[in-house]
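The following pair of complexes shares a single chain, subunit A, combined with subunit B in the former and subunit C in the latter.
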Partner chain A sequence: MEFIQYFGDVFVPFNFMLLMLGTVGGLILGATPGLSPTMAVALLIPFTFRLEPAQGLILLGAAYTSTVAGGAVSAILLKIPGAPANIATTLDGHTMAKKGQGARALQLSFLASAVGGIFGVFLLIFLTPVLAQWALAFGPSHLFWLAILGVTVIGSLDGGSVVKGLLAGCIGLWLSTIGFDDIMGAQRFIFHDSLAGGINVIPALIGLFAIPQVITMFAKGRSRLDAEVLEVERHPIGDAIREVFGRMRALSIGTITGSIIGLIPGVGGQIAGLVAYDQAKKTSPERDKFGTGHPEGVIAAESANNAMVGPSLVPLLTLSIPGSPTAAVLLGGLLIHGIFPGSDLFDNHPQVAWTFINSMLIGQVLMCIFGLYVAGLAARVAQVPNEVMAAVVLALAVFGSYSVQTSMGDVYVMAALGTGMYFLERFGFSAAPLVLGLILGPIAEANFIQGSMIANATSSVSQYFFTGALNLTLIAIVVLSVGYSVLMELRARRVVTTKDEAVAKEEALS
Partner chain B sequence: MTDLPRIQHICASGVVALVGVTVTWVSYTQEPAAAFLFPRLISTVFVVLALWTFGKAILGCSKVGNGLSAEALLRIAPGLLVALVYIFWAAKGLGFYTASTITFFILLSLYDPAPHSELKSWVRRAVITAGFLAVMYGLFAMLLGVFTPREIFF
Partner chain C sequence: MKKLLAGAAIALAAVTGTAQADGHANYPERPVMLMVSYGAGGATDFQARIVTMTAGNEDALGMPIAIINKPGAGGRVGWNWFAGQADADGYTMGAYNVPHFIAQSIEGGVSYSTDSFEPIANWGADPAVFVVAADSAFNSMSDVVGYAKENPGKLTFSGAGLFVGHHIAALQLEKAAGVKLAYIPNNKGGAGAMKAVIAGEVLGGVNNLSDAFRAREAGNVKILGVFDLERNDFLPDVPTLKEQGYDIDNASVNFRGVMVPKGTPQGVIDKLAATVPAMFENSRVASRMKAGGSPMHIMTRDEVLEMWAAREETLKELLAGL
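Up next is the complex of A and B:
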């Protein structure tokens, strides 16, 4: 119950103001289609340099929480999910809004988000210290395999091709080795002066997440968003509260599904929302009403995607392994303040760790309160034209990456990585494993070198890295995650081929 | 699969394979070997996966990713060119705020669907540009105290 003694820190006026700022800003950014939570958090990092570590994390955590929930606003009122996590919300939320129940859908969405989110943060509170202590038993070989696990899980689960996902992870790991070697001081892959200091994680994150989005907006050309903003009628909040808790099955399915999915590295909010929606539909006696504006669809999807937020930070805060791209960005936010997650965080910086976690708890409540009031405004902001958004994000990316070390080299790296990523994405590569490789590369290398030294002094390298229950368990999970994904990909391909064959046969017959 | 996406897949995976081969070659030829131990480990996996992807693209089996249509490329080209000139030359050559103002205004003009013959739309673009740059100046120069390269005008 250590977290209780740091609760007061959240209510320090400046901290609380940052929390409110992050929450309102996150709701508006989240409602804006094209601005993903990861990108929003990445663009906010430069604004945390001048802040204390806890304050910076409060801002980033609040933005993360509320961008996920804010995405529901445009999903409900515009039929455009603000983030992939809100895809399932669109199915029933927008239909409700079209029936004149927009306010009711928004209220249910924010209330369900808050319930799911609070449950998720409680999981974070109770699981993290236990796992952080358990992580103390990890030696260099285990940490090496954990880092590899982080890259392979996201590489194999994210995107459509396992090989391309793993390849992107390898590219990220390679990028992390650019610069001077820590032990020998040797130059590695420094093909340009800008790379002499290695690739700084923050400009790389900004580039990889923001620049492809800017180019995607360019690709839309001179088009105007023709989405109609549906009017929000008044709806008594008391009725919405009673309805959310009255539909306990959908709420608990969403909350539990989201929490479990959040704990699995690499599986994002999009999956959480869709799986919860599907489960709620299958178990509902009113399953025929799903898709026609059924409140349970909104409740299940929104409670799941916010319940995922807290647990998705468990691997990050305990083992330094970010379980999602947004968690990777938050890790970047921690590292710039010289703080390393894991037991060190809870032993040496408990004030930072607990203030951050507590702020996420309070942030869920604030997100619910503000969400109900700023939804209308957020829907209007969500209609910011493409060209304005592209120019704004580009300028923020340039200024943000420059401000990290006041270096033009960082800006060049940001632009090169971002432009390259846009074209790679067109061919099935994904930014998430690349980012994880870039962030986990130094952890993997440091532990690999340290492990090799220990192995040379005590036993053989193969014995050190490939024996022991924990090593074997981690290796088995790496192999299983890759194997499972390959199997799923083959099965999906077979389904497509069978469908294609059926269509071809039908065409031949006709 | 039509020819254009197939050729695009071959080009994209070819570039990745080329990077993979270069990284592997550098890793195995540079000294001291101890500094390249980890890069050797990664590059070996990297090059195997990259060559596998390249091989699949050549055989026409690369199916994930739709490539880029000529129309999309034409829509992207002007904006990307402006953005790259801004980043690689103008930001340092003209100064951040001057370059950002010019770039912002050009991008709005290029992609705004409002007709270019309307004076009102030009005024709107100018106002949005001025407003945004004022916010950027307030945030970065005044709040964060970021020192940007010297401007041509000040």
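Up next is the complex of A and C:
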């Protein structure tokens, strides 16, 4: 309960102003495609040089919280996820926006984010010592199985065909092997200097999602100038609040999955949203509606990606090990003030530690309030004419890809992948499984290699990967997940192959 | 109008003429860029930002230094870019990590070597240390080597990757102690390698002194030895490997400093070589570096040239067996 006594520090006028600044700035940065939470926090570090440690961390914590949620805005309105964490949000969020429910989708996403986020921070406050042990329990073999679990999700991710989902996933897995390999330094598929560092997830994400949208907009804009200007119906906030809490299953699955996955170092929030989305879909009696603009899809994905924020800081704050890229940047922000995370932080600088954590708690609430306000403005964004929107999105895509590593090569990668994806989409493939493959490939590969190196030195590979309670539990979940997908496939005999057909089917259902 | 243009052209020629004649006395006239070949928030990036924060002062460059990150492939992406595409006009500097870039150039597959760059000054030296989990049975390097002798190839220990300081230290230990070890490179760098030690996935690890110091403060690890010639100010109680009877020098120490591409005008190099070490010596820089647990080690251009040459020789010998 120590945290309560430091609540006052958050509400000191200057600190509170920083908190507001971080939250609003974070929402804007998060909504910009290409500016991931890691980038946003890194950009803010120099500003903290002149601030007190606690004040600097308030700014960083607020920005981290709200960039994750802000990514939902572009995911829903433009179908461009602001960061990998928001990929799952596009699946139902953008379809809702297409049906004129953009405001509703945004309200649900911010409310779900706040619920998930607050739960995650409470976990950080009350269970940190226990969670730290949990975070350490995941070694190479467990991370490998976790990545495989992610791969099993690929096929069932997007409404259309399982085979096409898996094919897209395989393309993603292959793309992830390009570049110098992480462990041995071997060169693979590098035909151009731009690819030497491998394909960075952020430019790939922007290309795969944004460019097909842009091409479509330009293509339609010529023939029908009024085409696809999104209508946005007003949606009362009260209804949204009732709806979020009315869909308890999606909310709790999202929150719990996000918290658990966020905790594991090295996996981070990138896949939390997708795994939660998949779980929510599989356990829902209305699973057919997922992918066709079902509110539960948005709620599960967004509650998960914000729930991961708190637990993702556990390894950093207790063990001084940054578990995610964003945590590594925050570590820099702490070190610059001479504060070492770990027992030093909580014993000698409790004011800094607890003010930081409290500011994330208050930050979630502020983020939700500002987010709901933004949702009201969504109508205006959506009424921008197609050709203007396409130009703006294209500019943001180029800017976002370049800024990740200040590299023109990333812009080429973005453009090439995007153009390829436009044609793949014509054949009913979708971007989400492809990106998931790109994210999971290195996790699975690197952990398998490390695991087998350790195994070869100590015991045997089969013993290392197939024994132990955690390994067996994960394998069991993988088998269940695969089995369930096969069963559903056989039972449903889905004939839907493209997203347009899926939408048509949904309209027939309702 | 014509006269005006002609006058302007003459004036312009005169200006550029003097600039060339006086050997870049006005350099730098605009902000300078420092390329860091690791991501924002990493140790190199973090230290580069601290040591360059006083660049705008009148007694330093008089112009701010902006950090540009070009991460990827263990630094290869950034250094390839720096050797091939960076302008050699003095406005593009790069941060180097020795032994990383030298080892990579010996390994091959990159378009740079020590000949592609001109060092300016060194700011830091982060030695590798040997760490074990706090509850480990090992209490000295002889315990570790003893275990490895009884169980050849079974002593697993983590490090940040292949062809980086940690790997060099591992090779030196194998050679000096005459044992076979199982070095497990990590794909998440030093932080991932440290996690593997604390979580008990491996029996020990080679890691950065600054990170290991922090982990020891947090009560998570024991530090058994420093891979350097002398004990470190941060860890006066930890003996070097040499003190413990292993013939290991400072070849694995991670030196960080500033360089420019080959072909940069000599006048610019001279000016930078004179001002940059003094800039690193600023007391504000020193206190920030100390607070962050980052050991400083300032070296002039001549000393760095010597260090690069010596390192290249040692590394060629060590890596020849791979």
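We take it that the second predicted complex is superposed on the first by the 269 of 510 C-alpha atoms of A that agree within 3 Å, B and C clash if a C-alpha of one lies under 4 Å from a C-alpha of the other, contacts with A are read in each partner's own complex, and residues count from 1 in each chain.
One rule holds for everything that comes next: a residue touches a chain if its C-beta (ideal position, glycine included) is under 8 Å from a C-beta of that chain, and two chains touch if they have at least 3 such contacts.
Note that the coordinates shown come from a computational prediction; the quantities given were computed from them, not determined experimentally.
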Touch check for A:Arg234: first (subunit B), second (subunit C), both, or neither? neither
Regarding the shared-chain residue A:Ile183, is it in contact with subunit B (first), subunit C (second), both, or neither? both
Under the stated touch criterion, which partner chain does A:Thr406 make contact with: subunit B (first), subunit C (second), both, or neither? both
Please indicate which partner A:Phe49 is in contact with in the superposed arrangement: first for subunit B, second for subunit C, both, or neither. both
Looking at A:Ile336, would you say it contacts subunit B, subunit C, both, or neither? Reply first, second, both or neither. second
Subunit A residues touched by both subunit B and subunit C? 46, 49, 183-184, 406
Of subunit C, residues touching subunit A in the complex: 39-42, 45-46, 49-50, 53, 68-74, 76-77, 80-81, 84, 104, 107, 109, 153-156, 161-163, 182, 184-188, 191-192, 194-196, 198-202, 214-215, 217-220, 288, 290-293
Show me the residue ranges of subunit B that touch subunit A in the complex, using the header's touch definition. 8-9, 12-13, 16, 19-20, 23, 26, 30-32, 34-39, 41-43, 45-46, 49-50, 52-53, 56, 62-68, 72, 75-76, 78-80, 83-84, 86-88, 91-92, 96, 100, 103-104, 107-108, 110-113, 128, 132, 136, 139-140, 143-149
Subunit C partner contacts - residues on subunit A that touch it in the complex: 38-39, 42, 45-46, 49, 136-137, 139-140, 179-180, 182-185, 187, 193, 196-198, 200, 265-266, 315, 318-322, 325, 328-332, 335-338, 340-344, 405-407, 442, 446, 450, 453-454, 456-458
Residues of subunit A touching subunit B in their complex? 46-47, 49-50, 159-161, 163-164, 166-167, 170-171, 173-174, 177, 181, 183-184, 186, 188-189, 214-215, 217-224, 385-388, 390-392, 394-396, 398-399, 402-403, 406, 408, 411-412, 415, 419, 423-429, 444-445, 448-449, 452, 493
